[in-house]
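In the two complexes that follow, subunit A is the common piece, with subunit B as its partner first and subunit C second.
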Partner chain A sequence: MTPPDQAGIVVVGASLAGLRGAEALRRHGYDGRLTIVGDEAYLPYDRPPLSKHVLAGELTADATTLPQSPSLRAEWRLGQAAVALDRAARNLHLADGAVLPYDKLLIATGAQARPWPAGSGGTLSGVFTLRGRDDAARLRVALERRPRRVLIVGGGLIGCEAASCCRDLGVPVTLVDPNATPLARSLGTLIGGVIVECLRAAGVDFRPGTQVLGLEGDAEGRVTRARLRDGSTIEADLVIAALGATRATAWLAGAGLLADSSGLTCDGACRALASDGSADSAVYAAGDVARWPIPLYGGRLVSVEHWGNAVEQAAHAARNMLAAAHDQRPYDHLPAFWSSQFGINIKAVGLSEGADSLAVVHGSRASRRFLAVYGRQGRSIAAVSFDQARWLPAYADAIAAGCPFPPILDATDQIRIETLAPGFPPPRRSDEAHHG
Partner chain B sequence: MDLPSDRDPTASLRVVVDLNRCQGYAQCCYAAPGSFALRGHEILFYDPAPPAAHRGEIERAVQACPVRAISLQAVTADRVDTQ
Partner chain C sequence: MAEDTLFAEVLDQANRSDPYPIYARLRANPVSRQRDGSFVVSTHAAIRSLIFDPRLSSEDLPPSHRPRTGNPLKDWLLNPIKDRIATAHRPLIFRDPPDHDTLRGFVMREFSVPRVRALHEPVGREVDRLIDACLGRDQVCLVEDLSYPLPVAVICDLLGVPETDEPQFQAWATQLATALEPDARHDEASRHKTVAAFDAISAYMRNLIRQKRRNPGADMISGLAASGPQGKPVMSDFDLISTAILLLVAGHETTVNLITNGMLTLLRHPEELERLRADPERAPRVIEEVLRYEPPVHFRTRKALGTITVAGQTIPKGAPVILLFASGNRDPARFADPDRFDPDREDNQHFGFGGGLHYCVGAPLARIEAEIALVALCRRLVRPRLMADPPPYRTGASLRGPERLGIHIDGIV
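On to the complex of A and B.
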């Protein structure tokens, strides 16, 4: 049995990554004390349904609670955010003043939605973000009140899924995005153009290439209107700020780790790096919060905000947490995500950043049913499928193997494979606001 | 697996599907039409907290999935079983 004075392993973040990491610790034979800390009052839940079926009213937010392994035997500290980390003393400080000692720590605090700026109308009622289950439940209640128009700021995955849901509910929607198409940063504007057709066919008022400068409200503090950079205004009584996420690292400010709003930097074995660049062998990270050198893409530092990475990286970190110092295995991963919107199943693998070419290798964009591959300097780096999921694993294997672009020449349904420009927007300037 | 609550007909259920893995073969929709449905060409909708009465057909869906993407957990008051 566990001695009562044993510090054991503490997992910060009662998230998908935190849960899967804790389960992996048990699977790898860890029998000691295991504590899971979460800032929300809920057991770990699944986020993907929130922006789809929970908004649509098909599922309640509490139906998203994740299955747990029967062998978990964890002590839960829910509703208590971690507020500080003292690595010298190996203590974790919680919001209620509790101090949790640890032998090993797994950081899986994830990310938080970037809010609409308070000075530009962010405190008005009727302005929402969509990340946690409380967000989704609140937004669902607001949608049930039949808003006159929903304004969605940002055409990323969340913005597009929310737009699709609102149209299914019959609610008028305006979507504003600074790029020429939605999903421009992840898929490029050539593929994003297919989403534009879906938006327009669904009756979404899509406003590309502009920004929301500010939100205005009535005397009761309810949002009524948005002012755009192009001088136009949009009357809307519900606003969803879908501006992406910042990594939940503020609580690490005094911990002496390489952490900022883009992530907590780790070595290849998922160990957190101290300010001097050395790995802390007692502190690991996984999931959205972790930024690590990804072997498949030349060791570039990335953080991957997707479901599959949370599961795999957490399991990998757990394995290394129990392994000897000379047996720390590097984490390799092929990023992947899915989305469903406008009746289409979108799946993607790889990192498309820096792609210089694109080829549609199955189907056609016109039919909205296709598979496209992204290439960079002659190598296949990513692929996306629209209602063509069954072809994707073959391309995922080719990308993981570093195959030339295009990777498969003799098993496509194209007469000839045409290379196109993917149309990625220029990189963001560091001083550029992410919103609008 | 043959644990006591495996046969407990009142245990509440939790389902999660790895949709990275899912390729839309739709075998779950035939095995457990009350809990899984395909929309459009290949969007899988499933009930993550189905009623206990669906347990038998969901277990068949778990077995029927060609890419093993479905996991099911049965929860009773004091214990949890997974497969």
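On to the complex of A and C.
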């Protein structure tokens, strides 16, 4: 029996990373008290279906609850956000005033959607972000009312998936993105060009290379129109701001940790770093919120906002939380994500940032079925597949092994490999606004 | 014993009833070069890595080569053309992307979930009919009485092949299946027999397809032979014939082993037979474990198109590669206590249906047939006992299974 006065392990964040981390603690033999804190009132749920099946109406938002291990035995504190962390006293403060002591803490608070700025029309009704279950449910209801036109701001994964869903529902869509193509930052404009073709074929009004300056509403405060930097306006009664996410670290202000909107910085073993750079052996982080030195890419600090990382990093952090100080293992991971949009299954591995070359190694861009590899200074660093995922594991292995670029020749269905420029936009200036 | 002759031992009929100790020796070296220059891949990790490697080609079947007929015109003109066509339109298990994908797409569309799901009832009826036919006997031969006729009846019905024609292509099917056996592939006489069987079954299929086009039914061949959007056939006639032949042969030569191996394993583990009798819900677990423990297909061969390094061993370009699935299934690095038959095993990611892009298209069908057959056998055979252990085996080392499986019974309920 757990002694009632034992502080035990507290997990902050009741989403994928939090749940999988908690399960991993039990799997590694932790038998003590285990508390999971979540700011939403829901048990952990799965996000990938929200921008796909839930928007499409194939699945209700409440059907996304994640399966849980029967041996989890956790105390849930749901609907209570963590508001402060007192590391000296090892206390976690919740919004309702409760104070939870901990012996070890796993921070998995994730990220939040970057909202449309209030001063530029963000308070109008009909303006949505898409990150959580409630967002998806509300957006679904709004789509069922058949908007005259949906404006999607931002052609990242969420923006593109939402555009695809809206077109499947027969709703007119305008997509605005500051770059020449969608997904330009993650895949480059060469591959992004394939998405542009899909957008056009699906009847999406795509406006590249421009930005939405502001949203305007009617007398009732409902959004009606957007003004663009190129001087044009778009009549739209529903707006989805798909501007990416910021890390949920505001509650850590005052905790003396290296945390800001790009994440909570950790050491290689997933331990949170204090302001002086020392690791706090009682505080770990995993998932979207964690910013950590990735060994595969020379120890660069990254936060990986993908499903697979949430699962693996949480399990790894859990393992280290239970291990002795001399047995802290470094976390290594090959980032990966998938997306389905416009009837295409996209899968990618690795970090394409800094790529200087690209080779289509299977299939062709024209057929929208291909596998392409990204190279940097002669090494293979990332790969993406459009409806051609089956060989991706071989390329993932090659990337993890640091193989030369391109890594695999003499494949069954390679005719000729052409090396191209991936077309990444220049890095964002730190002062550059995302939109608005 | 030299490591580079271990695979020859696998092929040796003397080891057919229990090749697993040889597999264990092979696994000492995950990728083991054989004296003939081929490489045997025997660990789960190495197989897994290679089935997702685009440098491994399935187009490793030797080109079709018809024997001389004595008719100079045929030998000079007609046979080379026929050989080229047969080589270019090999069935999709011997094809690489992108052709493989196109053909597989057509087959998958016909192997639809509703169509396979709808088979539960007819398969159940057929199983009961076959067991009823044994009423009054005190012994049965499982292969002859059930494991062979059941999948044949099912695949004929699915494809739309009249079952009354079945006896004439039974021998062709057996001969064509030898394309998976290294010994038969390298034997000139056997290859000529295969060509003859292929020509005969092709003529049969061509005729059947013509009938289906005139008079389409709800069956798979009618579906595959149907016209596409522009009124053109979706598949070339040569591909259609080779695909129909493949499905027919696969239906004849694989599920029979799954059912027989399953019953043999249960008879060797009577407590598991009892548990399945008492709780038919265990059937999916039992079938998955049979697929791991005694899979119907033990290995498939490939060819390396480039130099591949796997598990520290380099496979040179052009080398034949043997993916020893049945050995990966017994790899202690992947499965705890791998030589134990344990249907309660968790995380049973076996290679019973192969893996990667050539993963068995008929897997859902095979599962249904094997589940229904094993449950019915456990329920209806009274006190079943093996007549001989090990039973006599068929010659195939890849498509491995008993030739006969005699079972003493005290009756049928």
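By our rule, the second predicted complex is superposed on the first by the 434 of 436 C-alpha atoms of A that agree within 3 Å, B and C clash if a C-alpha of one lies under 4 Å from a C-alpha of the other, contacts with A are read in each partner's own complex, and residues count from 1 in each chain.
The rule is short, and it goes like this: a contact is a pair of C-beta atoms (placed from the backbone, for glycine too) under 8 Å apart; a residue touches a chain by one contact, two chains touch by 3 or more.
Because the structure is predicted, anything quoted here is derived from the model rather than measured.
Student: Check whether A:L59 is in contact with subunit B, with subunit C, with both or with neither, and answer first, second, both or neither.
Tutor: A:L59 contacts subunit B only, not subunit C.
Student: State whether A:P295 touches subunit B only (first), subunit C only (second), both chains, or neither.
Tutor: neither
Student: Just subunit B (first), just subunit C (second), both, or neither: which does A:A411 touch?
Tutor: In the superposition, A:A411 touches subunit C alone.
Student: In the superposed arrangement, does A:G221 touch subunit B (first), subunit C (second), both or neither?
Tutor: Touch status of A:G221: no partner.
Student: Applying the touch criterion given at the start, work out whether A:A336 contacts subunit B, subunit C, both or neither, answering first, second, both or neither.
Tutor: A:A336: touches subunit B, not subunit C.
Student: Which partner does A:R390 contact after superposing on A: first (subunit B), second (subunit C), both, neither?
Tutor: After superposition on chain A, A:R390 lies in contact with both partners, subunit B and subunit C.
Student: Applying the document's definition of touching, compare subunit B and subunit C: which contacts more of subunit A?
Tutor: Between subunit B and subunit C, B touches the greater number of residues in subunit A.
Student: Does any part of subunit A touch subunit B in one structure and subunit C in the other, and if so which residues?
Tutor: In subunit A, positions 390, 392-393 sit in both the subunit B and subunit C interfaces.
Student: Touching residues of subunit A toward subunit B in the complex: what are they?
Tutor: By the definition above, subunit A touches subunit B via 46, 48-49, 53, 58-59, 62-70, 72, 307-308, 311, 336-338, 340, 343-345, 347, 369, 387, 389-390, 392-393.
Student: In the complex formed with subunit A, which residues of subunit C make contact?
Tutor: The contact residues of subunit C facing subunit A are 49, 52-59, 96-98, 305-307, 317, 356-357.
Student: Which of the residues in subunit A come into contact with subunit C in the complex?
Tutor: 362-363, 390-394, 397, 408-414
Student: Given the complex with subunit A, which residues does subunit B contribute to the contact?
Tutor: Interface residues on subunit B, with respect to subunit A: 3, 14-16, 18-20, 22-24, 39-43, 45, 47-49, 71-73, 79-82.
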